[in-house]
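Below is one structure. I have some questions about it.
Labels run A, B and C following the written order; every chain starts at residue 1.
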């Protein structure tokens, strides 16, 4: 189980493999984001790569992948995504820690992980969306927020309503897709942390 | 921008150091390097990359001063004017275009959709526009736009590699810089792949009318081989990087070094954010 | 480049840069060893061609020489492996990767993926070594020129053809002035043009006296430039010698290696009682000329 310990410790988590994995995670995040944007889906799916990095290399590597994803998008594409790096990193940390503690070993535990990821997303995204962006994100989910706002609810309630409607589906899909991706990679090509948290 | 001939020569770059600089990209548009990057040689291009980045903070904080659209609007107008005068109007255009969906959502939600007790500004059938809501939408959009235009102006005038070099020279981990550059390289690549897959799917008429889960499943089936092979490629890239001194201890140099200057200015800009923050809070 | 001296072990001759003694290696994820009791010495200033069936241990051997085993590729081993005088188990970090250049089979996965020009790709390793900017530029341009990519310095690495990309990978090793080059099936994923580009570059390097360890499943283009052929099967050396003498052994024609057509024709004719010389031709040209000679010998003198 030493690989799990190494992945959980900041000092030992960043092997060369981890650094190479980070851009791959960023790329997978980007793919999910481009698809949901182009198809105008009420989803984000922009943390599949972060979640995958969390399962393969642990929380700290995933957190860096998360922050860098939004930084890369922010600095080369659209600046508004930079603050949401916090959300992306938090997802990576929660997914990585839970994976290390065996939450990928049974269906029940995976469902608990999906719930926790939903919760951490809402907790970290809410203050940003409400305080900085006055409830909007510039994406498809704004329609849902608008629906709640139209019914006379305040912005906190409207954003919370929108998040509660869209986030669970997003996180369920994210975990399932990240899991399916890793299952497609033969054990021999998975980093040691990934081999131990998903030993099949 | 896209039709000039590619010419690559060893030359002295804008920071006074010799190196090989790609002066233009005919078949490989600058978008390939980074979506934002605009090749040029304006004063903004010549400024130290970190000075530009440091300027983002005080500008964005100042945008929050007052609770009306006034201050952010003035900063925004000044920024747009400066960019246009500097022949960088394209950057202003890109930033404003970027703001369009968010501004639209703000106006619709706050100006139209939310119910208000006060008299509407305009009423047109079931649609009524509220003045207070519109003002809130405008102020928020202007504040965010100040941040967006500052970041865009800072980053569109520096080649990502030069930006990374400037960071490494100031002690940022070269490994982190590697991950950033590799990530930035991926944006156009992934967008291209995503577009290709969608086009292929649409031209074959696959499931465009199917249910959402079904469409997602088809998409994932198309994407999986690509993503799995990029994960399998991690091992080889790891070895290749080891072979190229990725883990070597010691200081990094750069073929095109960034001339060290503007430290005082950069610190001043960051420090200036503090009084501005105080001002923004109390005003 | 420190510490990469000549081997001190008495069992090695001065020109042997790598030696394996009863070396058995098992990857962490495997249950069976990939190399089994391997005993072998590799000589400097030679092109050693390593072949054999897939899974026979060729690439693993290359990775030991390149300094990737036992770290960062995890695994357990018995016996000893010494490269450039260092035991691979106790060698200081980086000492082997600094002296041995590697080119893999996949032309794109071995690029850094973080550069936007071929020049930057070559410069990357030199920047990591901390060389002064002037030297980085000079060395990178020189290396690109020596692999025939002088016109491509500003081309995006992703836009190079497979053959150009492999030459770029070789340029990276040359720019680092690495005395030993390990090529792990460098042409297996290339089209015929790309293959020819890489083959002729390797020939040039070999003629210039570079030490090359070349792993290849298909011997076709490499036989005539190889100083030595080593066949690995199930992690053991099953044949070792000069290609021309080695390929007279009929046991090698059982499908263990992909025998080039010229050798196969020679062997087939020999079985049917037509002798085209004692050693097989290593190129089609050699085959053609021995057939011509045979024709002349048989022509009835008027």
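Methods note: contacts are C-beta pairs under 8 Å (C-beta built on N, C-alpha and C of every residue); 3 or more make two chains touch, one makes a residue touch a chain.
Remember, predicted model here, so these are calculated numbers, not experimental data.
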Please state whether A-C or A-B has more C-beta contact pairs across its interface.
A-B
Taking CA centroids for every chain, report which one is farthest away from chain B.
C
Suppose each chain is reduced to the average of its Cα coordinates; what separation in Å results between chain A and chain C?
43
Whole-Å distance, C-alpha centre of chain A to that of chain B, is 21
Residue numbers in chain C touching 2 or more other chains?
72, 113-114
Touching at least 2 other chains, the residues of chain A are 16-17, 23
At which residue positions does chain B touch at least two other chains?
160, 178, 182, 185-186, 189, 233, 235, 237-238, 241-242, 246-247
For the complex, give me every residue of chain A touching chain C.
15-17, 23, 187-188, 192, 195
Considering the complex alone, what residue numbers of chain C touch chain A?
27-30, 72, 74, 113-114
So, in the complex, the side of chain B touching chain C is made of residues 6-8, 10, 17-20, 22-23, 25, 27-28, 32-33, 160-161, 174, 178, 181-182, 185-186, 189, 233, 235-248, 250-257
Chain A to chain B touching residues, read off their complex
14, 16-17, 19-24, 26-28, 30-31, 34-35, 38-39, 41, 64-65, 68-69, 71-80, 82, 132-139, 142, 145-146, 149-150, 152, 173, 177, 180-182, 184-186, 189, 191
Of chain B, residues touching chain A in the complex
34-37, 95, 98, 101-102, 105-106, 108-110, 113-115, 136-137, 140, 144, 147-148, 150-152, 155, 160, 163, 175-176, 178-180, 182-187, 189-191, 193-195, 198, 212, 215-216, 219-220, 223-224, 227-228, 230-235, 237-238, 241-242, 246-247
